[in-house]
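Each in structure tokens, the structures are laid out below.
Next come two complexes, and both contain chain A; in the first it sits with chain B, in the second with chain C.
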Partner chain A sequence: MTPLNLTTIDFSWLAILPLIALSVGAIVVMLAGTRVDDEDSAALGFIVLVALLAAFLLTMFELGQNTAAFRGSLAVDDYAVFFEVIIIIATALTVAMSLEYAADAGLAGAEYYALVAFAALGMLLMAAAGDLIIIFLGLETMSIAVYALAGFIRRDAKSNEAAIKYFLLGAFSTGFLLYGIALLYGATGSVRLTAIHASIAARTAVNPLLLLGLGMLLIGFGFKVAAVPFHMWTPDAYEGAPTPITAFMAVAVKLAAFAGFLRIFFTSLDPLATEWSPVLWALAVLSMTAGNVIALVQSNIKRMLAYSAIAHAGYALVGMAAANGREAGGAVLYYLLAYAFTSLGAFGVVVALDRGAESHAQIDDYRGLARDHPGLAAAMAVCLLSLTGVPPLAGFVAKFYVFAAALNAGFTGLVIIAVLNSVVSAYYYVGVIVAMYMREGGVAVESMSRRPGLLISIAVGVAGVIALGIYPQPYMGAAVNAFASALGRPALHAVSMLP
Partner chain B sequence: MGPLITFYALALLAIVSAAITAFSRNIVHSAFALFGALAGVAGIYVLLGADFLFIIQIFIYIGGILVVTIFAVMLTQGIADVNVSNRAVGVLPALVTAGVAGGVMFYAIIHSSWYHARPGSATPTTYWIGDAFLGPYVLPFEVASLVLLAALIGAIVISRQEVRE
Partner chain C sequence: MDTIVSAWFPIAVTIVVSALIVGGMVTVNRLLGPRSARNKVKGEAFECGNPPSGSAWNRFSIRFYLTALLFLIFDVEIVFLYPWAVELRELGMVGFVEALIFIAVLVVGLVYAWQRGALDFE
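So, the complex of A and B:
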């Protein structure tokens, strides 16, 4: 027996320090939670915020590295940093909007904030995953934590229903993903993304086993990004979960799933692009159309935003289906960035009207909001207009980039369907704005000055929407650069993409 | 020839037991039939020369999870009375779906070029598994403990009694 050779580990502090920061933060929250009452749980939230800040700063050291660590288990590239930064910001805003909410609703603070930190840890793993095992483990860490978070309001039947539905369907979809991973391993003999790429590229004939694995992976990721026809859990889970967790699911979970999805499909399975591109085409059309049409008839704003989230997954899939490498990939990354800020801002306003015990989540509750709370109404209006795609907001620029990339790749029909869908979506987004500004008789909203955490998270979301819309060039450049780094190609300038 | 017969015998054991688990109306029968399914898979691990997986399958799945499952079934009052075991609903759509999925998989398995591991005599694998866990796969190995920690906290949250004031 030879002694263990430690040099085979390929250890790197750089790659795991952000993860360590988050896991230490989560454990400290659990320990400190024994001394903190649930009414004062905001203090625990601050611990997670500190851990997130540490993770953010440590992530910054990974910029421009473009290497791998742990023998390819983790990728240390700008693509990972791009998603990690958005995920950390989205998690921080989720925690900020929970500070008052969790204490008011009497949720068990220690477990709540620890699970949020663990979920974020799983998401960071998905963003940086270099092999299928890490993707699976990251997905599970994230999903298990979010299943429990969705059912956190124990007295509320809807919250329990959300957790059960999300858990059962999520576990089912994880089974598909795992089966796909097993089949890919069987067909290529490796779980490392680079080795899988090499194995597929070396082949001349297409292996049916590979296609079956590809299909299983598509189903698994389709569930996680809530694409039609794998979306059944979304409205119920979004409606029943505590509202800050709904925002977390709609933004951070979706982004992490897309991070793994894009990386596997563009760096490992790209030799099969002619096979998977038509499938994504169909998923994109179904998601956009079903999401927007069903959203038209919703009276509950959380359900409406759930269907809107399904539709926006469809828009992102438009860019993925275009599959022409850097340009489309960069556009999808920018789309997800814009969607993250827009959605967080909108859900922040939903949290503002929601007071835990009595949930004011009907669109009718928003009537007359502009008179008593002009700031809240304006924030909601900005976010909804950005979701519609009205210039000069982030949503418009994002849709422009994605549609332009798809047009350049020759997907004219798909872009026409997407634009028509945007027009349809305007109806239900503007409906909320009309209710806020032109109707009377909603609910009384607690003063925002008592809820600084929530106020800050809404402000950051809205600021992001406006900044990304007015001055998109540096962020688009970062997105294109990040995507190029995942492909292992040198960075290029995004000049050709600018409007 | 010998290994082939053994393989089919074990596969039959696993599949028939799994079918009983799925179709039995009595949850106690389902729980006990699970033993055959897990043991059949354990036997296949032996045929593959995966001695460590065999032992782990016996220890964890049969010795741990299955026994706890049976305890849970037996300690739950009146569980045999309320046919909680799976009632079949939507038989026709399920048959079509399962038939199509099974057909596609069968086709793929038959027509695929499989990646073949190096054949060799069965040697103890434990050392190499340990080596892989602390070498190239050290990160997944460590991260698995975080998954379990998150699952534990989640389970506590879900199962804890709500304190009513």
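So, the complex of A and C:
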């Protein structure tokens, strides 16, 4: 047997340099942080930002490559770059939001920023996976870091509750996911996504093991993207976690989960679309309806945004259920991009009101915000209107593309349900806007000039919402291109010693 | 299908028979055993003749948990190094460097635990 060398394992620096940059940053933060006081933890946040910048620049070299590395385990294509870029931006904005929050709340800086960086590392792996095992590895790295981050405020009972609920349900659903991966391997003989696709396309009868594995994969991913009926952890986890981590969970975790979800289902399980499309139809309807209806009665803004996140996962699943190729896929990617910026802006404003010690997260605390802080109120209004789907903001364009793709695939009933849900959601989104502009008696907000990182996060979120809404063509083009690159990867070289 | 059933059939028999034996023993004991009255004095905690004092719920030091957790992590690291050591000749320089990086990352974890005081004895 020839000794292992770099060519037989198909080693590629291009594929792993972003990951190495981020992990080196995380390790430096972990070691340096033990020497740093909790009040000065913002310096550690800057180290993570530098590492994220390095990862971003290194990821740019992967554009246009459309190949695979490590014998198909890592994908080096535009799809991976698309998701890696959004994840890096979301992580950077989370860190920016946390710079003052963590120092004020007395959160241990070394562990906090290191965990955020490691979670981002797991997400980058999920985005660039070509292999079910790599997706699982990325999922676990991300999830375990976020379980710890959700419970980071150790003295707060709600934070502990959030971590326990998220961890128990997450570990259980990861078990389902892993069992599904095992069944898929048993049915097709490989874990590589392209090999699974070839194996399924070549057979005429559908193996029952395959269907069972598919079902379990749906359960595992349904949990991670917070689709009903796998959503029970979402409101409590979002409410109890430190607010920048809630933003992290709502944006980056969901995006990474969708990255893996979309890649598996559209690349390898595509021939079985007639089997899983109706299931996604049902999941979409349940998520939209339950998310919007339960959000109507929420008085805590973090819980309201959690149920809204469930509903938005439902709208994205509408696009997935349509499953008619690159238009629907591009629409879902664009939807996730628009949702990412909108959520970051909205949660940024929530962080502005939510001090570490006394958490002001009731909707009643937002009353009269427009009088003292018109900028914050306007930012929140723009983000909420985008979530509702009001033109010319990003949310409207995203919903338009997704619903158009679903109509083209013939899912008229689904689109009617989705539009009705959007109308229902207007009540609770506009309710917050009414409280900010037309009521009195909310909580006083500390001056934003002391919190430049938070200001930058909110500004980037709002700018993204407006830019994506007014001129969506280049971004939609990038999304469609990214999705197409995931579908049409060139065949890997024939010599391969692994299954 | 027949070969699968015939291979696993003895195991199914074993499970059923052992369940019957254990269940039978417990049932016979419950039916034929002596009835013991619930006596307050017999139910007290045994402290070598002294009357029981204090609460039974004591706080344990967190060091036990930390030591066990660190042991688990480094034990799994060693478990991963055993097959690497067996196959090292075939793995060549690439395998050697990979394992060095693996060990280096775990040493970083050790240094972090050391700095945070997890290795201090109580």
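FYI, the second predicted complex is superposed on the first by the 482 of 499 C-alpha atoms of A that agree within 3 Å, B and C clash if a C-alpha of one lies under 4 Å from a C-alpha of the other, contacts with A are read in each partner's own complex, and residues count from 1 in each chain.
Throughout what follows, a residue touches a chain if its C-beta (ideal position, glycine included) is under 8 Å from a C-beta of that chain, and two chains touch if they have at least 3 such contacts.
Predicted, not measured: the structure shown is a model, and the values here were computed from it.
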In the overlay, answer first, second, both or neither for which of chain B and chain C A:Val318 touches.
neither
Could you say whether A:Ile9 touches chain B, chain C, both of them, or neither, answering first, second, both or neither?
both
Once the two complexes are aligned on chain A, which partner has more residues of chain A within touching range, chain B or chain C?
B
If you stack the two complexes on chain A, which partner ends up touching A:Met30: first (chain B), second (chain C), both, or neither?
both
With the two complexes superposed on chain A, say which partner A:Ala163 touches: chain B (first), chain C (second), both, or neither.
first
May I ask you to decide whether A:Thr188 touches chain B, chain C, both, or neither, giving the answer as first, second, both or neither?
first
Would you check which partner chain A:Tyr147 touches, where first means chain B only, second means chain C only, and both and neither mean what they say?
first
Where on chain A do chain B and chain C both make contact?
1, 4-5, 9, 11, 30
Of all residues in chain C, those that touch chain A in their complex
89-95, 105, 108, 111-112, 115-116
Of chain A, residues touching chain C in the complex:
1, 3-6, 9, 11, 27, 30-31, 34-35
Mind pulling up the chain A residues that touch chain B in the complex?
1, 4-5, 8-11, 16, 23, 30, 70-71, 73-74, 108, 111, 114-115, 118-119, 121-122, 125, 131, 133-134, 137-138, 140-141, 144-145, 147-148, 151-152, 154-155, 163, 185-189, 205, 207-212
Which residues, counting only chain B, touch chain A once they are in their complex?
104-105, 107-109, 111-115, 117, 127, 131, 134-140, 143-144, 146-147, 149-151, 153-158, 160, 162
